[in-house]
Amino acid sequence: MINKVCPSVAQAVADIPDGATVMLGGFGASGSPIELIHALIDHGAKNLTVINNNTGNGEVGLAALIGNGQVRKMICSFPRSSQSKVFPEYYKAGKIELDLVPQGTLAERIRAAGAGIPAFYTPTTVGTVLAEGKEQREFDGRTFVLERWLKAEYALVKCDTADPLGNLTYNKTARNFSPLMCMAATTTIVQVGRLVDRGGIDPEHVVTPGIFVNRVIHVPEPVHEDTLIAEGRCYP
Amino acid sequence: MINKVCPSVAQAVADIPDGATVMLGGFGASGSPIELIHALIDHGAKNLTVINNNTGNGEVGLAALIGNGQVRKMICSFPRSSQSKVFPEYYKAGKIELDLVPQGTLAERIRAAGAGIPAFYTPTTVGTVLAEGKEQREFDGRTFVLERWLKAEYALVKCDTADPLGNLTYNKTARNFSPLMCMAATTTIVQVGRLVDRGGIDPEHVVTPGIFVNRVIHVPEPVHEDTLIAEGRCYP
Amino acid sequence: MTTGWTREQIAARTAQDIPNGSYVNLGIGIPELVAKFVPEGREFIYHTENGLLGMGPPPSENERDLDLMNAGKKYVTAVPGAAYFHHADSFSMIRGGHLDVCVLGTMQVAANGDIANWSTGEPGAIPAVGGAMDLVQGVKQIFVVTQHITKTGEPKLVERCTYPLTGVGVVSRVYTDLAVIDITPEGFRLIELAPGVSFDDVKNKTGAQVLPPDIPPTDGA
Amino acid sequence: MTTGWTREQIAARTAQDIPNGSYVNLGIGIPELVAKFVPEGREFIYHTENGLLGMGPPPSENERDLDLMNAGKKYVTAVPGAAYFHHADSFSMIRGGHLDVCVLGTMQVAANGDIANWSTGEPGAIPAVGGAMDLVQGVKQIFVVTQHITKTGEPKLVERCTYPLTGVGVVSRVYTDLAVIDITPEGFRLIELAPGVSFDDVKNKTGAQVLPPDIPPTDGA
């Protein structure tokens, strides 16, 4: 019987090497795989390229990963927020690179990687500084920009319900980039609040089919980034 | 209150003009919107370009639409089947055009139309006659073919459950191309077996959000193409 | 004497131009207020790019779900008939032209419909674009709501944007504290004046020519 | 004297080479039989391109659902832990390299890994490609199962395909009634002989050079 359940977040991230490209699910605090990110901090892999919509908040999760000096480069759409202090500090000190990608292009590039589409054209950024240096082309009288797929070695994702085959569902807007990242990474590692038996998820309701998932870790009562920040916590 | 429910299949298809491009959901018999197709036969629009994975079976549904002389051109991946007699007859007599598109490329082109992606690269067909005349390009050392989005004026689709906003769910493998076609057509017309009130579909389980749907018609006990064929029926 | 519209009144005036049944994306700031002024007999369905169609008003403290937020990272609710989806589907709605109206704030909007609302372009500033460039390219109608001038008195409606652009020629109409102004092939054209505002007030505070309305406006005095 | 493997035995031999936990797509014909011969202690998950992962065996008459079919349009079942999805997601699994093994029948397979299994290229014939070209480009390993020769005695394993290609250089391994043969950079290479079949039998019935195994095979006599 296939069983992708992995006993701990520590074991799940143990093979992530220095220099890896890692996608982190979540949009701001919603859907952020805090326990997996903290395990990655404990693990200590360095020179990471991290793909996430944002750059973390407070001093937990992604912000803590950056604050621990493990991230060489961020690929994201919105590296600013009222509670984001670590990234701006690193960025202004020249200690971290930033590759800014519009949110829809970021999502589509990740989806393209999962779907075997090496490149596609999009109207987004045409006529702006973010299109500079990019190949442009007209279709049906309108100009579009060529964008490449965006792959990663690892994706760390949080879901709501999973079965041992790696079929996943999400909670509300915590879904966001996670299903796309599951498709786009060589190794997809998922933390799940509710682990059910096979057949415990209606096949009609599966959002991420198990084929896109490699490791499932049961984290029954995950902390929420917003809660940690409200409590003024920092990690480690 | 927004209410997309339309009283009859006849009214729903009444504005489809001659020469329209019409997507029909379904993969073989599964998911074929038989009542809507039969209404289109009654309506009589001619010179249609029809997009479907196949070309119909027996003498009902899509096969009957072709047999009624309404279809100028088929865009499909698999125009053969053991029970397909009408299309082969028309094709061999030179009475219908065929644009053959590999199944995955067909799906992706339809999805691209819905997603505002005018063109994308795919490895499918490289080195085959179906790539002849198409632009090719290397990415990361591998050759890919450029494919364009595929739009339609109308999509006729069958779903399992719908609400008055046009949120949809499907039944098993009857889902197939339908969610993509809902995205890709200017006007999407959906027949539904089970029409529920707003809130009757869990927001987590919606497959096609209502933004992609224009008209919903309640067809409480839809006939199934396979049943009609087993009974030797023909339409009209 | 110039009086003009309050923030709420700008939002209310904007809402008047949104047809019943529209799918609408609201930006942060004044745009968010539009949802409070839906004209009677109309219903709008709100999209938030982080994966929800059918966004409802902010929750009370005890109905708050930490996993239910909008693109501005504020807690929201979902109305009956809502749907959740992932980011690629969400931006398919945007890029694919399925949304009817997007209401955005701005730093500058130009007479040719260009908009600049994502970056001051200052060296050292951290650029952050989010979904703005997707929205302006994809949504059928882009409405801009803004104060007519900056806090330091500079016009925000200009001949050409000086800040880095978000999109080129994408804006349909501009709603300010002073007026409603269309973007036309000939440039800015006045549609309506706020109460107590004269056409001269508007012209004086706009950094480009403003054409008179095709139909003469009623004087706002 | 040539005896060789039956259709079932070809399928069973193919199944031996599929690792536990593989995601597998089975073509129509002999490939379908592979599902009957999963080696003990292994589990494969079957994908069908019309939108199901976790395809189960055919249903009994009374558990049949007209909306649950496979890509060959035969009624099937879904196993516990299955998932339904639309065609773009289904072909993302294929094109994106997420499936481990695809087992396909063929008309011809060439020593360079080319496969021709969708069209005879005859004028007047109705071409039909389905998902074959996506599968051969996208799935990690393409296994071909076929009779070694046609009903009229022509070799199906050839130097270069004469029928229109489905894909170029995509096949990993070929399973026939006579042998298991790898596609290598040097061309066909024998891996294993069926019972009662000699290497000369195989060579005589193959339309291209067949190299001896790296490790000498046990004689199939």
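Every chain is named by a letter (A, B, C and D) in the order it is written, and numbering of its residues begins at 1.
Rule of thumb we're sticking to: a contact is a pair of C-beta atoms (placed from the backbone, for glycine too) under 8 Å apart; a residue touches a chain by one contact, two chains touch by 3 or more.
Keep in mind the model is a prediction, meaning the values are calculated, not measured.
Across the two interfaces under comparison, A-C and A-D, the one joined by more C-beta contacts turns out to be A-C. Centroid distances built from C-alpha atoms place D farthest away from chain C. Note: centroid distance chain C to chain D, computed from Cα atoms, is 56 Å.
Centre-to-centre, using mean CA coordinates, chain A is 30 Å away from chain C. Distance between chain B and chain C, defined via averaged C-alpha coordinates, is recorded as 36 Å. Across the assembly, chain C contributes residues 52, 78, 84-85, 88, 91, 94-95, 138 that each touch 2 or more other chains. Multi-chain contact residues of chain B (touching two or more other chains) are listed as 108, 111, 115-117, 122-123, 170, 172, 203-204. Interface note: chains touch in the pairs A-B, A-C, A-D, B-C, B-D.
Interface of chain B with chain C (complex): residues 1-2, 111, 113-117, 163-165, 167, 183, 197-199, 201, 203-204, 206, 209-212.
Residues 48-52, 65-70, 73, 78, 84-88, 90-91, 94-95, 114, 124, 126-134, 137-138, 164-169 of chain C touch chain A in their complex.
Contact residues of chain A toward chain C in the complex are 27-31, 53, 77-81, 87-88, 91-92, 98, 100, 102-108, 110-111, 122-130, 170-180, 207, 224, 226-227. Taken in their complex, chain C has these residues touching chain B: 20-21, 23, 43, 45, 47, 52-54, 78, 80-85, 88-89, 91-99, 138. Residue ranges of chain B in contact with chain A, taken from their complex: 108, 112, 115-123, 139-140, 142, 144, 148, 169-170, 172, 203-205.
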